[in-house]
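Going by the order they are written in, the chains are A, B, C and D; count residues from 1 in each one.
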Amino acid sequence: MNRSTHRRARTRVVASSSGIVLTVLLAGCGGSSGSVGNGAAGGGTTEAKGKASADCGQVPTIAPKDPDGAVKELPAELQKAYNAYGEEVFASAWRDRKALGRPAKVGFSYLPTSNAYAAAVVKQLEASFAKAKADGLVKGKLVKRIMTDPATMTPAEQIRGYNELVDSGVDVIYVTPLSGDAMVAAVDAAGKKGIVTVALSSTIRSKYAVNVAENSYLNIAEPTALVAEQLKGKGNVAVVRGFQGLSAETIGYKAVKDVLAACPDMKVIGEVNGAYVPPVAKGELLKFLSSHPQKIDMVAQLGVMGSGVYAAFESTGRDTPKVVDAGASASSLASWEKLAADGYETAGTGGNGTQQAKAWFDVGMLVLQGAGPKVGTITREPSVITKDNLADYLPQGAKPSDLGEVKDGEPWMPEEYLAQFFDNPAKN
Amino acid sequence: MSTTNHPALTPVPDPGPQTTATTAPRRSLRSLFARHTYLFALGLALALLVANLVNQPNFGATSQLANLAPLGIAAMASVPSIMSGRGGIDLSISPLMTLSALLYATQLHPIGLGGYVALPVLMVTGALVGTLTGLLIVVGRLQPIVVTLAMFFVLTGVDLKLAPSPTTVSGTWMANFAGSMGPVPGGLVALAIPVAVWLLITRLTTYGSLLRSVGGNDVTAFTSGVPVGAVRVLAYAMGGAMAAVGGLVLIGLASTAEAGTSSAYTLIAIAAVALGGIPLQGGGGGIANALAGAAAIYLLQSLLGVLQVSQTWLQVIYGALLISAVLFGAIAARELKAGR
Amino acid sequence: MATHPLTAEPDTVLAVDGLRKHFGPTVALRNAGLRLLPGEVHALVGENGSGKSTLVKILSGVHRPDVGSMEVGGRPFAPRMPAQALRAGIDTVFQEVLGVENRTVLDNLWLGADGLLRPVSRDAGRRAKAEKILTALLVTPPPLDIPFGALQLSDRQTCCITRSLLRDPKVLILDEATSALDYDTRTRLFSLLKERAAQGMSIVLITHRMDEIREIADRVTVLRSGETVATLDADWDHDEMIRLMTGGAHLVQDTVRVAADAADTAERPVVQRVRGSRLRPGGAPCDAVFRQGEIVGLAGLEGHGQDEFLRLLLGHGDTEGVVRIDGDREHRVTDPRRARDLGIAYVPRDRRGESILPWFSILDNFAIATAGQDVRRGLLSGRSAEKRFGHYVERLNIKYGRTSDAITTLSGGNQQKVVIARWLASQPKVLLLNDPTRGIDVGAKRDLYRLLRELSRLGLTVVMLSSEVDEHVELMDRVLVFREGSLAAELAHEELSRERLVDAFFGGAAVTA
Amino acid sequence: MMTTQQDSLSAAEAAPGVDAATSGADSAEVRPTPSAGQWLLSLQRRFPLVQVLLTVAVFAWGAATMPGFLEPTSIRSVLVLCALAGLASIGQTLVVLIRGIDLSLAGFIVVGAVTVTRFSDVPGVPLPVMLAVAVACGATAGGLVGYMCHRFAIHPIIVTLAAGSIAVGVTAVLSGGGYGAGAPGWATRLSSPMSSTFGIPVPPVVVIWVLATAVVSVLLHRTLPGRRLLATGAGPVAADLAHISTRKVWVTVYAISAALAVLAGVVLAGFAGNVDNRLGNPYLFLSIAAVVLGGTAFGGPGSYTRTTVGVLLLTVVSTVLVGMGFQEADQQILNGVVILAAMAVYGRERRLRDQV
């Protein structure tokens, strides 16, 4: 596994953006929360399956929850992507759906965009829609619903907008859910009316939903494992948690725990709450550091807070530990690169909204054309950023203060990759 | 706001009160508005409703009612404390709603109290929390905003402890709130419960009159032998009980309970109450005001959604409309005062 | 005329002995006692500040005594809150008219009659009972369903009394509750009270009106600075009463009292004039002049227009005809700010609400209106303020600990002095005072009178609204009497007497201005 | 809401004195000097004794139990956090002192932050000018809010709520929804614990904060405008009768509050490095909590120094909690408890019986 990780890191230059990025960045908004994917009775869903059985620096192998055996049908290579997947993976209700045979009416339910990633997603979706319209795949205008008041942003609020879309008679609804679970009932209802729901980044556990999502577990586990390996399984670890109350956060936290469980010599000396907001992470870390003078070798942050972590250490003048840069941003990579000069190395995962939104839209179109999705959740192995491929993600002249996303790198779920998840993609 | 009205400078009650005093109040529109302060918000809400219906042919009353419920209930729950006067206000309503949702999802549902049984249980719990708040304010003689702010923090923390991550409780009885119960929309039922509580206590018992009197002039009430402290505590208790219902509606709508929603309704609920025309210095108004105000805000949000306002402009327009609504309300109110 | 020793009588309804009560630094009651017989109307008299109200508040359960015993019908009585006093059958109508303005008259009448969470009694009986009493008291009883706030003062007061009568208490306490009543209502009330007394209700009546006491009281208990000095039978003698109340001396000592003779004042230049201004829409226009260095009183039953008149001088309302005359120049007083610039200062009535800044220090309260004078190099100089304050401390004889203490540590009288000092500091030509001696102790009153006299001698014109007849009789050079919203009479000093004044209040043969 | 609060602090024992007097008590006798307890109370009324003691105690505990708690860097970074919170709650303090409340804080913080990140390099417009414009706009908006609240007797809670949302919206519109480049270096250096000010080994932001505290305190307590502000809070009617234009005060205070929030936004942007529209959120409740905890009552008495102490207490407590590995939930709960505890010591209202 160890070697394979390396190979993958070398051979595949894959950009991946953690699913949590979108949801949680929005979720933090207005102090309101969302939840990604599962969380049945207290989250931590992967606990059910076998315990982490791996050496230090390796990602444990945990069979996904596959009630319909849908994953089993997939080619072995694809199955790897479902390792330790947080939520159940259902078979899709749309497998036998006939082609729509006419231009589709499209609905789009999203959250107030408060960052570059979310903005990019919206922008790309509109672009894809325009293109599809030119190709005669869709008609009319993109019917949008967004929460008016970020302060009262609750799952209930989004469901209301979603239901309005359903009533407005669209054929497919693209949704970036605040809470995957909250949507289930609504999506089932819509599905029974024959309306397809395509969710990005967070998993709606309904067979009527086609989820295009990152694997929240691997997304944290793989870079963490790499860094642990770089440290030879020794050292002090600080964990920067995300917005607690989100199941993605719980899953990610579990991932860190599992990986470190295999490393007896790595000691978690403390945890702080970063709430997935870099400035918050920075502030909390400063508090933490002022009571923890000892050397810190690794900071495991649960996504998108890399820049905050770097900033905290830089501003206190302490030497920067290896930052697990899951959901890297231009800012965090720039900080990494600056340090790389004197042999600093770590690992992370990257990606941006544009490429995700593109794949996302395509999936929806495929389903409408009766391509027959084999499985209700389409995911992929997160791709890891190492010093070898750092350049592929780092935008030209990026500064640590930049807000931008990382560069594309290799396409995220390109058509041929997606094709493997459908019975008859040829139609497309 | 006491900062503006000015005993020494405002005109003395009125010149010939003898006349107004002896002749019954004129049944004019003006006096009608004066007596039913919620009419302004109601009118606003109706206008917005029409606008919505026009822009959204299939409005789906059932689901809309269900979606209105949480804000509506949060607003209603804020009413008793505000009416009780002396700066009464309850900032801890929103986290309390979430608390009841979480208690249901993490405690009651697992032990098989998933049905409507949970409703009374949680309402009592909510009432108890409210009572605690009330006691802190009355016995401790602390400013309500201070106490309830503290309670806000405490309850938010408790919520997080109860459910570190969202808890799913799909397909429970509470789901009916989102759908319909027999012929009746579930949302309507949800809204009806607090209303019922309010009406039962304030109409059938002397409490309603006492609450208004205490809010209007607690010194008078006190010297006339009204147990002012008890009245206040009970007000907060009522608020708590109502809030509990709101939490269950959230579950019904989202089939999850999450600590994250703790602060969602704190400010908007008070905004709704203010828009509904309830004087924040207490004594006046009623639950109808809160409902009307909440409906207005809800429909405003909904309309902006329907109109596909670009997200960048959304907040600007939303805020502007909110202000102008309150502004008109205030001016109308002052007009009426002048007219009386 | 015999003064009863306070010996317990067999059938006392209420027996109070040796009550003592202090608030912070001030002592309200030293040794107060009272014996109340069934079916008697018992007057409780004493100067303002003699502790009457405090005694009443203890009886009604608002305050609790530090020491002393109270018995009702022979059983010990120690109410912790009004509710308990009411349950024991002791019902009080307080000095300040207490009503919930946003509730209907009916609700106010039955306020507190039923406890928390009792089923609403929809019985028409209540209506009937309320109407019965109201019609007994008022020629035109107000409809029961209009808001209390819509009532005029007299009617509000009547409602408060009705509220208590409805409960049919053992003991009914009226704390200056008749002050706001119009003449007619008062007589009706008294006959009703007599009736009730005959049925065995005991009534404690607190009033400043000797005539009222004469008219109705069976016995009179006199309080002086927190002590019960005597209980008199109905055949009391006026001077004796005054002596007991004041411990000798008249309110205004002769040393202070310099009867500015009419001739003298007539020549003095006019400093402010009102011509043809109406106090209320539809009211009769009123004219008046105010000369330099005279003290003019504004009198009348409460709510009869004197307040509006005072505010008119300050530049509120129909200021068309209001001018401030400075030598040969006339300036219209258009609004309060203009009034201030023209040297008109105003001391409001409600001290807590309108005058003092509760948590401000004594010094800051003094300086607030004139702080501009204390600015040194952009900063407020405490020393400068101290210096200015110094001028007034001994003139007003202000008693305080440190100027940095909160104003609320002072007694009402001294607070009032500070407020007056605040306005004197603005070097006014005309000083308007709105019932400045209301509820301040005798000592402070005397100081105040002395000061006003002195100031008037120095040429300051003082216009003072007062609800105390004696004040007018003994302090004022002239008194303007108001009735039903217009200037009804003007009495010069020499023709001033309680009788003339009270007479004028009720529109008797008035000497028209 | 808070407009009905009467001198809640001075009330405890002083108020009855007044009422005794107004209700006609004779102040002939004066009781012997007040007890030690009363003396402490009066001291507490002048100076946030309890809070200071609490802060010191908690800090000492932290120093005792945690290694490195006393190291310069540690103290510096804690101070930086204090300074940020402190600067953010100046406006809130002033507003509370006139019986108002300002929920638009978060919004205006974003305005300032976006200005410095997004519009720092607009061709032809130097940043200072840009900032001046932003501050001016903020002040105007704030002034408008104050005017509306006073003129139409609307409760500030809803107006400021809306104003904040508008502020964020407008910035989003102007910046085209994007969030631009990060904060310029100088802004970042302001709040970096390691940077020093003119050789003094203290981060500039802390120096700024200290200066601000001094300036605000002087302005508030030693100048005419400050006195007028306090009077407006202490007794609106009395202030009006003393020829203080309470409306002018309201407009000014809200304008200042907004302007300061914008400036705070600039500093926060520097701290955050990069900005999104949630930057201000944490500081809204924080500012209210700090003011309340400091012991400033609605309508006064109070001072910015009290808020400063409140900020120190909150920050030190949470630092220690983080150090001891407390989770968010516990921190929230303890926040509430601390506020209650501090207020329960002295933040009492007048008894009803004293108001008859």
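The rule we apply is simple: contacts are C-beta pairs under 8 Å (C-beta built on N, C-alpha and C of every residue); 3 or more make two chains touch, one makes a residue touch a chain.
Here the structure is a predicted model, which is why all the values come from computation and not from measurement.
**Q** By mean C-alpha coordinates, which chain is most distant from subunit C?
**A** When every chain centre is compared against subunit C, the largest gap points to A.
**Q** So what's the Cα centroid distance for subunit B and subunit C, whole Å?
**A** Once rounded, the distance between the two centres reads 42 Å.
**Q** Can you check how far apart subunit A and subunit B are, centre to centre, with Cα atoms defining each centre and the answer in Å?
**A** Here subunit A and subunit B have centroids separated by 38 Å.
**Q** Report, in whole Å, the distance between the mean C-alpha point of subunit B and the mean C-alpha point of subunit D.
**A** Roughly 28 Å, centre to centre.
**Q** Taking each residue of subunit C in turn, which ones touch at least two of the other chains?
**A** Those would be 62, 81, 94, 336, 348, 353-354.
**Q** Quick one: which residues in subunit B touch 2 or more of the other chains?
**A** Within subunit B, the residues that touch at least two other chains are 7-9, 160, 164, 219, 222-223, 267, 311, 314-315, 318.
**Q** Any chance you could list the residues of subunit A touching two or more other chains?
**A** 30-31, 113, 149-151, 244
**Q** Just spell out which pairs of chains touch, all of them.
**A** Between chains, contact exists in these pairs: A-B, A-D, B-C, B-D, C-D.
**Q** Where on subunit B is subunit C touching in the complex?
**A** Against subunit C, subunit B makes touches at 7-9, 11-18, 20-22, 24-25, 201, 203-207, 209-210, 212-213, 216-217, 219-227, 230-231, 234, 283-284, 340.
**Q** Over in the complex, which subunit C residues touch subunit D? Could you list them?
**A** Spelled out, the residues of subunit C in touch with subunit D are 22-30, 48-54, 57, 62-63, 81, 94-96, 225-226, 336-337, 340, 346, 348, 351-360, 364, 368-369, 371-372, 375, 378-380, 406, 408-415, 422, 439-443.
**Q** Please give the residue numbers of subunit B that touch subunit D in the complex, ascending.
**A** Residue positions touching the partner: 1-9, 82, 85-87, 89, 136, 140-147, 149-154, 156-161, 164, 218-219, 222-223, 228, 267, 270-271, 274-275, 280-282, 311-320, 322-323, 326-327, 330-331, 334.
**Q** Quick check on the complex: what are the subunit D residues that touch subunit A?
**A** Those residues of subunit D that touch subunit A are 62, 66-69, 71, 73-75, 77-78, 80-81, 84, 117, 165, 177-183, 188, 191-194, 268, 271-279, 281-282, 318-320, 322-323, 325, 327-329.
**Q** Would you mind writing out the residues of subunit D in touch with subunit C in their complex?
**A** 6-7, 9-11, 13-31, 45, 218, 222-224, 227, 230-231, 234-235, 237-239, 241-244, 300-301, 353, 356
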